[in-house]
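As structure tokens, here come the structures.
Both complexes shown next keep subunit A, but they swap its partner, so subunit B is in the first and subunit C is in the second.
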Partner chain A sequence: MSRTYAGILASETGAELTQSFRAPEFLLPTLALPVAFYMMFGVLMSRGGAAATYLLATYGIFAVMGPSLFGFGVGVAGERERGWLELKRAAPAPASTFIGAKLVATIAFAAMALMPIYAAAAFMGGVELPRAVWLTLFCVHLSAVFPFMLIGLSIGFSFGTNGAVAIANIVFLSFAVLGGLWFPATFFPGWMVAISNALPSFHMAEIALTVVDAPGDRAAGFHAAVVAGMTVACALLAGWTWSRQR
Partner chain B sequence: MLKKTTAITVAAVAAAFVALMIVLPTPQPAPDLDGALVIDNVRYFDGEAMQGPAAITVADGQIVAIDDAGAEVAGANRIDASGKTLLPGLFDAHAHTFATAQRDAVTFGVTALIDMFTAPALLKGARDARDSFAPSNAAALFSAGMLATVERGHGTQYGINVDTLDGPEEAPAWVAARLEEGSDFIKLVYMPYATYIPSLDLETATAVIEAAHDQGVKAVAHVSSLEGARELLDAGVDGFVHIFADKVADAAFIEAAVEREVFVIPTLAVIAMVDGRSTGPGLIDDPDLGPRLTPAATTNLRQDFGTNSPFFDLDKALETVGLLHEAGVPILAGSDAPNPGTAHGASVHAEMALLVRAGLSTEQAMAAATALPARFFGADDRGRIEPGARADLVLVSGDPGTDITATRRIDSVYRNGVIVGDDPRPAEDNKLVIAGVLGDFESGTSAPEGLVWAETSDGMMGGDSNASVARIERGDGGALAVTTSVGSGFAFPWAGAYLGTTSQDTIGDLGDARAVAFEVRGTPASYRLMLFVAGGMGAPPTAMFEVTEDWQRVEIAIADVAGFEPHRFGGMAFVTPMQTGEYAFELDNVTLIR
Partner chain C sequence: MMSGMDTQTDPRQLPAVIEAHGMSRHFGDTVALDTVDLHVPAGQICTLLGRNGAGKTTFIRCALGLLPPSSGSVQVLGEPAGSMAARLGTGVMLQDTDLGEALTAREQLALFSSYYTSPADIDTVIEDADIADFADTRYKKLSGGQKRRVQFAVALVGRPRLLFLDEPTTGLDTDARRAVWDNVRRLAARGTSIILTTHYLEEADALADRIVVLAQGRVIADDTAAAIRARTGGAIVRCRTSMTPDRAQVLPGVRAADMHGRLLTLSCEHAPTTLRALLDADPDIDDLEVTKPTLEQAFTALSEATTEDAS
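Then we have the complex of A and B:
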């Protein structure tokens, strides 16, 4: 049987997906938690309206952050600890399929986490958006996979399983709260805003808020440039931490 | 196995994504608020009750939002309507539409007419005109068209050719013919207990009602007695277009009316006139309504039948209306204009006051002229002030919720969101270029596109002249035969043939035509050619011509017709002298020549 690159990638992705499907401790928090939070804050407490739209933009980033940070961060740390990475390096498969499979699986899980939020926003929160805006928002949300995945990778390469779980949780929660994903960053005091500005989650959320035309002035180009810069920095960090493995 | 997991997962996620993107709700396209109008700090009657004060935003001919007073709306023109009240454009639920009726009505805030009998030719274009969101200076028209009556019965005396019924078997085809002509509902005349005029019998009246229902429209009835009304209730009629005034309704009738869910348009104003207590002089003297009346309307308001009929007792009618209303029968405001003592538009205000006198609250009287007629006559986007409703509106000073006569203090009238008389359209938009042959009657009585030949007489002004037109053979071709009878019921009687535009919103343009030429013969006398100016009021520009028993060609130079504007042509009429008598004439080859 000829093993093409795509074939290997498909098999590797299948393995990643199967592993995740068999891990309720990963599945439940990443898929159920964001929509549960959105239901509480975006639909029930805000009773729909403009807040439902605003929080759809931010909770979408929150939903993508889970699978990206934990799938890569904690997952890679465990695999590394169990010597799986060394085995991979010895296996007759390109190294990029290892990352590629994780990326495809993460995007799939991110989409699975996003869609219930969209449904809740639309059918319970009364959010109505032009079709192009729904589509653009979804693309913006999914694109958040890249910076968070690279941060996750850096964590995974740098810490053992236990350490990675702890670090990923700290990063996850601080990105969520300080990035203004749970409550609008405009409510923050000045010193917190300064922290927000240093977080990719804040800038991703600002881009998503621009897409839904949320109240307030935003420079989407500026935020996109910051996210791009942060992503490159995270890629360099991930590359450096990976190179230390060899 | 692993590959399959990948394929299934990716396919499932992709399919879910596509499905979600398809079902996710999208907003209604936001109206363009540039040029929107905000009527701010305004009290308003929503069709049922007084509300506000609020800021009501109007854009693209519709009400797009109702916000708290003072709300900011970007890009909109704001008027402060403190102390004023906004009403949905009023309905006259019983009118007869002739000549300038639609224009006259709108002047008084009546933006929709429920017509209870008119010449079917007028229905051409009525639906398109009322559905349009273009600015308009004419009331929307909903009409019964021709009415159902018998030969020489009520309705045949007005000079309109009536297709009468001889028996129940004719009913389905008769109703179908009305719907073909553009009737929105069916009106029948049932007055079997009147000794002075023949009437449909119960069997035929029932067949007409059933045929209307079978063909999906309502059937409403003109009755003049309690007994007649009782019989039609059993026959399944949907509503009465007058209240009988011979007796006060008894408990059995009221119970039956509630059970059958009929509505009643009492037309108290016209009953008051017949009872010698006309509301007309009061409208003429009203400081706000009086100045808006045309001379013709004022004349009409001063007239009455000159007799005080024992069968028309206003007090009995008022009592019946009060009882019906109390029992829950919907009461609608209709004036029966242009009967003597009434005028299009103005008399709706008199009718609302009479309804309050009968026992309706001020809000119920306003509902009788707004939401209720809209509901019963299928005018879905009219009669209410709510987002999405058509912006046919009346702004009045004061609060009609406490004093119904405040509806007469008209500040401005809006049709499709634009103040009536404030039409920003360049007239060219609706120009109909008219040239060449206007009628050769070779194969019928058809006119060029956008024009129609019809009969005309002072019957439309309450006079007793009448006319009928028909094509006859003339040599190898045809001519238009006009048969008229000129009575003395109107100060300036006329009868004859009319060539008009099919839509009141159209302005004809005769271009550089030099003269109107035609061939004519008939009862020898001096006849008149009237050239109407679109939107013109009062006596039309007129030229005289002599008719003899022999065919002769007449040419009338347009420049000689004082007061006519060739680029604002509203119609032309070939009519009899003003002297009482019978006149017959034939008209052929009506042509505009350069």
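Then we have the complex of A and C:
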């Protein structure tokens, strides 16, 4: 097989997915945890369509955050520490296929984490949504890969493996709780709301809530603009941490 | 640019594989490379020999574009170091580098072969690198030596014109080391240029057309193994004697004298001159032995000379 950009991207993505599927310590928490939480709080404890729908929107963001932060954050830190990244830089592999493969693999994992949650919501939680809304919700959930992935990359480029695991966990949990992904942010006291507003997880959740017809005080367009701004900031941060590699 | 490498091509017609001019690299106050000039023509096995910390790995990293030199320049295959054109013609085996832990050797080879324009057949590489026994085992389950051999295979998969091998046989047992040497010779015979670093003199001696000795970031010798050996002078003379080393030191042609018990070791410029004087000075000497200096002795002498210059 001769060298083509698509060929490199395909084999790089294949290698990413193979590696992830062979790492149960990554696979289990990222795929099983979100649906387990949703089953507990969204289906078994809520016993109602409205709460199940609300939590479907927010737990979807939570499910996407796992592979984005851990696949990238911890993954890149380990690859960097073990010299794998350096060997790739010495090999004739374009940097963009390396990042691109991670992106495709992360989106694939995010979709795999979302599917069981959607199934639980539709078949057990009594969530009823038009097809177009399901599809829009799926796209909104998947788009959360971008800001979280860039944050993950920045962590991976800045810390060693152990440090990256710790930082990614702190970010993961605080984004989940303070972003209102586990409990609705509407119950938060004022000082917590101030923190929520600084987190991309909160704004992503607000967009998803608008899609399922449970909007907050502000328009989805406002939250989308904030997320876009944060994503650009995260991209700059990731680029800067990457350039500091040398 | 040149066409593919075939047996008809005379390597000497090709551009130099490495062309470094006044290349230096500092890490803070530490000088890792000090104005290194190196021209490596195509088709050579060139060994960078030096102790740990001599600057070998820094040189390799600069030549791969992983580390920009602080000053000076380096071109690889006629292209700027680290450029895509240079990387496409290069195969790399680095130190302290692990491959994908959860992938098998065959999967790593498939991944790396997709980077190159005309890669080798994967089964052929597996056979050539002699890794068939564990080609389908996940990398993290392999022993240290097996991992090194998989890394070697990965370096070969792109059928590179230039191969960088940074300490390729560290951690290998004798058999595996000889297998790597055989491979290196075979590749060189097919026209592949090879830059190899090692701190094993035996390895440099066994493989290299040319040995570049690095010490404290500088090139202190650049020659064939035989020529480097010859540099320390004519011969080593050993004998048992009652003579004091101070007295032996002043014999004609003696550069250095060393005494252990009654065993005297002389490093001399011209053995016959020294021997004549030695036999006159002490008619009772015993166990007389004259040898050519080993590469080890030559290397030690070279390194010591540099250390003394620097201090």
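In this section, the second predicted complex is superposed on the first by the 242 of 246 C-alpha atoms of A that agree within 3 Å, B and C clash if a C-alpha of one lies under 4 Å from a C-alpha of the other, contacts with A are read in each partner's own complex, and residues count from 1 in each chain.
One rule holds for everything that comes next: contacts are C-beta pairs under 8 Å (C-beta built on N, C-alpha and C of every residue); 3 or more make two chains touch, one makes a residue touch a chain.
Computed from a predicted model, the values in this text were never measured in an experiment.
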Joint occupancy of subunit A by subunit B and subunit C, clash or fit: fit
Partner chain(s) touched by A:104 [first = subunit B, second = subunit C, both, neither]: first
Partner chain in contact with A:130 - subunit B first, subunit C second, else both or neither: first
Which of subunit B and subunit C A:5 touches, first, second, both or neither: neither
Partner chain(s) touched by A:15 [first = subunit B, second = subunit C, both, neither]: both
Partner chain in contact with A:138 - subunit B first, subunit C second, else both or neither: first
Touching partner for A:86 - first (subunit B), second (subunit C), both, neither: second
Vertex subunit A, arms to subunit B and subunit C (CA centres, degrees, nearest 10): 150
Touched partner set for A:115, first subunit B, second subunit C, both or neither: first
Nearest-approach distance, in Å, of subunit C Cα atoms to those of subunit B in the combined model: 6
Those residues of subunit A which subunit B touches in one complex and subunit C touches in the other: 7, 10-12, 14-15, 18
Interfacial residue positions of subunit A with respect to subunit B in the complex: 7, 10-15, 17-18, 104, 108, 111-112, 115, 118-119, 122-123, 127-131, 134-135, 138
List of subunit C residues in touch with subunit A within their complex: 64-68, 84, 87-88, 90, 92, 94, 96-103, 107, 110-119, 138, 154, 158, 164
List of subunit A residues in touch with subunit C within their complex: 1-3, 7-8, 10-12, 14-15, 18-19, 22-23, 82-84, 86-87, 89-94, 246
List of subunit B residues in touch with subunit A within their complex: 1-7, 9-10, 13, 16-17, 20-21, 23-27
